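Two complexes, one shared chain (chain A), two partners (chain B, chain C).
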Partner chain A sequence: MASVSFEQLKRSDSVSGPPSSGDYTLDRGFRAVAWASAALILVLVAYIVLEIGGKAMPAISQYGLGFLTTTEWNVQAERFGILPQIWGTLYSSLLALLLGGLFGIAIAIFLTQDFLPPRLAAVFRTIIELLAAIPSVVFGLWGIYVLIPLLRPVANWLHDVAGGIPFFSTSLSGPGLAPAALVLAIMILPTVASISVDALRQIPYKVKEAAYGMGTTRWEAILKVMLPTAASGILAALVLGFGRALGETMALAMLIGNSNQISLSLFAPANTLAALLASSFPEAGQVEIRALMYAALALLAITLIVNAVGLAVMKFATRKFEAER
Partner chain B sequence: MMRRRILLAAVIGGVGLMSAALAQTPAVPAAGAVALHGAGATFPAPLYQKWIALYGKEHPAVHIDYQAVGSGEGIQRFLARSVDFGASDSAMSDQQLRQAKAGAVLVPTTGSILALAYNLPGVEGPLKLSRAVYTDIFLGKIRHWDDPRIQELNPELKLPKQVITLVARQDSSGTTYAMSNHLSAASEEWRRGPGTGNVISWPSVTMTARGNEGVAGRIKRSWGSFGYVEHGYAKRLGLPVIHLQNKAGRYVAPSFESGRATLAANVGQMPADLRLFLPDPDGEEAYPLISLTWLLLYDHYPDAAKSAALKGFVSWALSEGQRHSEAEGYIPLTDSVATLARAAVERVR
Partner chain C sequence: MHANPKMTAAGASTAPAPVGNGVVMDCQLQKVFYGDFLAVRDSSLPLEKNKITGFIGPSGCGKSTVLRSLNRMNDLIPAFRFEGKVTYHGQDIYDKKVDPVVVRRYIGMVFQQPNPFAMSIYDNVAFGLRLNGFKGNLDERVEKALQGAACWNEVKDKLKNSGLSLSGGQQQRLCIARAIATEPDVLLMDEPCSALDPIATRRVEELMVELKENYTIALVTHNMQQAMRVADTTAFFGVDISQGSRTGYLVEMGPTKKVFEEPEQQLTREYVRGEFS
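Showing the complex of A and B:
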């Protein structure tokens, strides 16, 4: 076999030749762009935090931590506190996560575990993803004109029958926590469902066959094999859904009632940080803007903490259910 | 062939739309046209819009726009000189007047009454509230509609066991000023507690909304709600309004007639700077919640054309314009006040 020198190969236009200098440049260039894009994200987040933090600084030094634990928002007296908004943000998002998470995961199981012919499942998946395309102001209007009138008789009946339970201790007048949380649940449903579907679909089919082979029923296979195997993906779906719920603005500003109170009642009006920001920014004066920046910083911190906790839980779940990677 | 026809139809349709749009935009301002920008109170906004539309028809060279952003913001923009005129239902405080580097001429333009509107499905007929009772509702002491103190005043009505949902203004507002000013006059406890201001610390259960239209809309959509709005806004949305007890102890319904009578009986107290507040008007038939609303003008405008156009418009509003007040639900100024106001406008240079 005649040996062909490296140099010869390099000159020939064979596809199996070594990389040309152009290839090297392209490779380096692409690598640089990829690095720059990744770095840009970090820079952007840092810049946003610094910018908001800088504008909030006067308010932080003036109101201190008391800002997070007091309940009054009075521009004229320059007294600001966001405890009711923090409470409302977490309460409404948790309720939404509970509902949206439950339904989202149930839908994901329904669509991936051979309950439906594959074509029909694909149609359903598209419809659920379409939910994500509905603008939030449309959800808000739907909440005001459809959901609230539907919910009101049920809520007021619950208040009459079980008014002693703190969750039902007020009647639903119109805007309130319950309609807001319900709309929020519908809004996070597509996020939770579609990421959970992807997680479940990633499990090789033979895993399920193996479970069946060991004599499990369908539900045992789903609950004890499939769900734990997909746990990290499903948790990621829940964390993303929760993050979306925390930051949702328009629909909540329309539905939650803008009332700075802390109440366990599902039917009482409340307020959230995002709704406060949206409704107060347009005509805020200088002093109020600083306080609003502080509130924005608090919202950012809550979101970051939720994401960090979510990541930790996800890591734990991965270790527990899916062998160490 | 088919595709080409569709394309043709689309082009024709597009041209049609464009020409329609062109036909609807107002004529390009002629040479020598003046544009005036104003911002402020939402309370008189429907009337101001009407005036601007009517005046614009007669004087096509003058373009006026008015943004209803609330009295507090109106005063801020006026002080920051980012508008040609401001508008406020709480006039301006002494401190704000001191901040007005370019001077300020306060011109009362119209009067109006505030209504306490409510939404109680199934309750027919006028609901009466005494001074002590509505103050206690605003203080958050009376929490349910079937409270014995409300029932006692309205023995013929069957009141539901529903939570009273207060609705108040979120933004800095002259309507809030007029409301809290009255409550301070009517109740010692209110004066020492929340007090008077453009922003009030309402009880924490209160829902807040932006602008008079926001409050009226919120009341319309929430059962058991109760709040204060300019009377015209309540009337336009068909909200039921409360008959209030006045200083003399009589229960009076908010109406054009009761408002005009109240204003006529009390304008004698008008001070020289035209800042007349009537927190608790006198008179047997007086309706307790009444307020004037003001335009805020600068003492001097560097642009003579602007100054002349603005003076023309405001003088017109204070004479011709007053005839349109009633149709929009406002109370025209009495002749004596209108004369004083026109004299104030003449001081603007």
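Showing the complex of A and C:
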């Protein structure tokens, strides 16, 4: 061992010495724990996919890919298709990402770029993180009793004035895409905001100095220097937020209207995969449960694909803006 | 914000015996605070056109502080407070009506630590040009700036790579290229060569000498030889510990040869001969 020959070179009064055998054991122990944890996660994901896949297998062989492209969910006739739910899941999550992402990043900028005194900014950060602690049922109730009544006159006015635009082509009678997406946006806001805040706070002071030193205004510094510098972190925030929106269940089941139709209209009721699962499982029989398992597998696949794409985009951004190290 | 001949003359008249083409910037600093801490006091520094003014002095004496007061960089620090006057072509840059953003467009800066942006090498150099709405041949100006900063040969094949992928010394030269690309009127350089090898250091020194044909340069350096090689005028700062605190002040300023060979102050003599710190 190398340390032996070093030992011999050592001056007798030197304090330097090799790590003790205890240090080495601890080191190996930590490494083993880290590896085990990582492996456990992989095993868990694989297990969940296999388990759901296994339960969905009968439905997969029975309905094939047509399950993903048809629109009927008829338990009596045993005809199942989840295109409307896939549409509703993606549409509501994209709307939420658009709104929540924009506001989340704006809030992160506001909290990190000297718009507020540091203490006040810390208070605001805590408040936003508290938003994440509100249970999803509460958001659902708030949506039903506060948001929908507030939204209805506005939505119906828009429908009256601009009903020709596909987005406003129906009126809002109660639950629907717009209230669902709005609540979803609020729910992903803390995720997007707090991860973006971290990304922006990590930018070293000297980068800010460099930007202002070139004679940028505050907005030029933020848009041209700070945001690109934090790009990979902000993208991570958006990916996580989108993932959260895709899987959100309770509030959506309460607000989206559980109607299996495909419409561009923001005010039409719709459905999502997670809401379908939540509302159908409790009373489902053998046959329907198999179909629901297939739907769950589809949701899992969508989430995994979104994360993979997000990772690829992040990697691209890191390569473009930061060093390849 | 541009030269007003009358006011330039007025600014020059308060400077101690200006020689050459007159004073572009005149810093009449009374007190500079970080919070309650008095960092620098009573220093008068005229920067002459087409000259390199070297700032020397022991660590912590406030060289960077003074330099960064010249383009209002220190405004970024909330606790910073400047008392006195800094005129640029006779215009007080600390005047309430003056926008520090505009000041920094004319008075460029190279920092003590390399700080390239997280973007490609090309975009780093083109940053200031684009910011100022430059309409000419961008490629040409980027190459010229990189040539000037002695790093063209090293980066010309990887202009699309991130500026952060370069070594520390290369990053610093990239930052110099970024600062000179817009050809600012005055260039403030805070130990620009502290991360460079002797060859690049020489190249940057040559660059400074070339640049002063058209610009005015203030250079902070710990390297006495460098000050002697490139500075026309040298300002020596010392630390006053008599008030129980460490406050920097200008001890002596004059032609470099005089400051190094026959300084007026005992403190300067000791410092340039390496007799203390």
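Note that in this section the second predicted complex is superposed on the first by the 301 of 325 C-alpha atoms of A that agree within 3 Å, B and C clash if a C-alpha of one lies under 4 Å from a C-alpha of the other, contacts with A are read in each partner's own complex, and residues count from 1 in each chain.
One rule holds in what follows: contacts are C-beta pairs under 8 Å (C-beta built on N, C-alpha and C of every residue); 3 or more make two chains touch, one makes a residue touch a chain.
Computed from a prediction, not measured in an experiment: that's the story for all the values here.
**Student:** Kindly classify A:Leu130 by the partners it touches after superposition: chain B alone (first), chain C alone (second), both, or neither?
**Tutor:** Touch partners of A:Leu130: none, neither chain B nor chain C.
**Student:** Looking at A:Leu120, would you say it contacts chain B, chain C, both, or neither? Reply first, second, both or neither.
**Tutor:** The answer is neither, since A:Leu120 touches no partner chain.
**Student:** Quick one: classify A:Leu44 as touching chain B (first), chain C (second), both or neither.
**Tutor:** So A:Leu44 meets neither chain B nor chain C here.
**Student:** Determine, under the contact definition given at the top, whether A:Gly215 touches first (chain B), second (chain C), both, or neither.
**Tutor:** Once the two structures are laid over each other on A, A:Gly215 reaches chain C alone.
**Student:** Using the touch definition up top, name the residues of chain A that touch chain B in the complex.
**Tutor:** Spelled out, the residues of chain A in touch with chain B are 71-72, 74-77, 84, 144, 148, 152, 170-175, 257-262, 268-269, 279-280, 283, 285.
**Student:** Which stretch or stretches of chain B touch chain A in the complex?
**Tutor:** Of all residues in chain B, those touching chain A are 69-70, 72-73, 76, 162-163, 165, 170-172, 197-199, 201, 204-210, 218, 221-225.
**Student:** Which residues of chain A touch chain C in the complex?
**Tutor:** 204, 206-217, 220, 224-225, 228-229, 231, 319-325
**Student:** Sort out for me which residues of chain C touch chain A in the complex.
**Tutor:** These residues of chain C touch chain A: 71, 73, 76, 101-106, 108-109, 111, 113, 115-120, 127-128, 131-132, 161-162, 164-165, 175, 178-179, 182.
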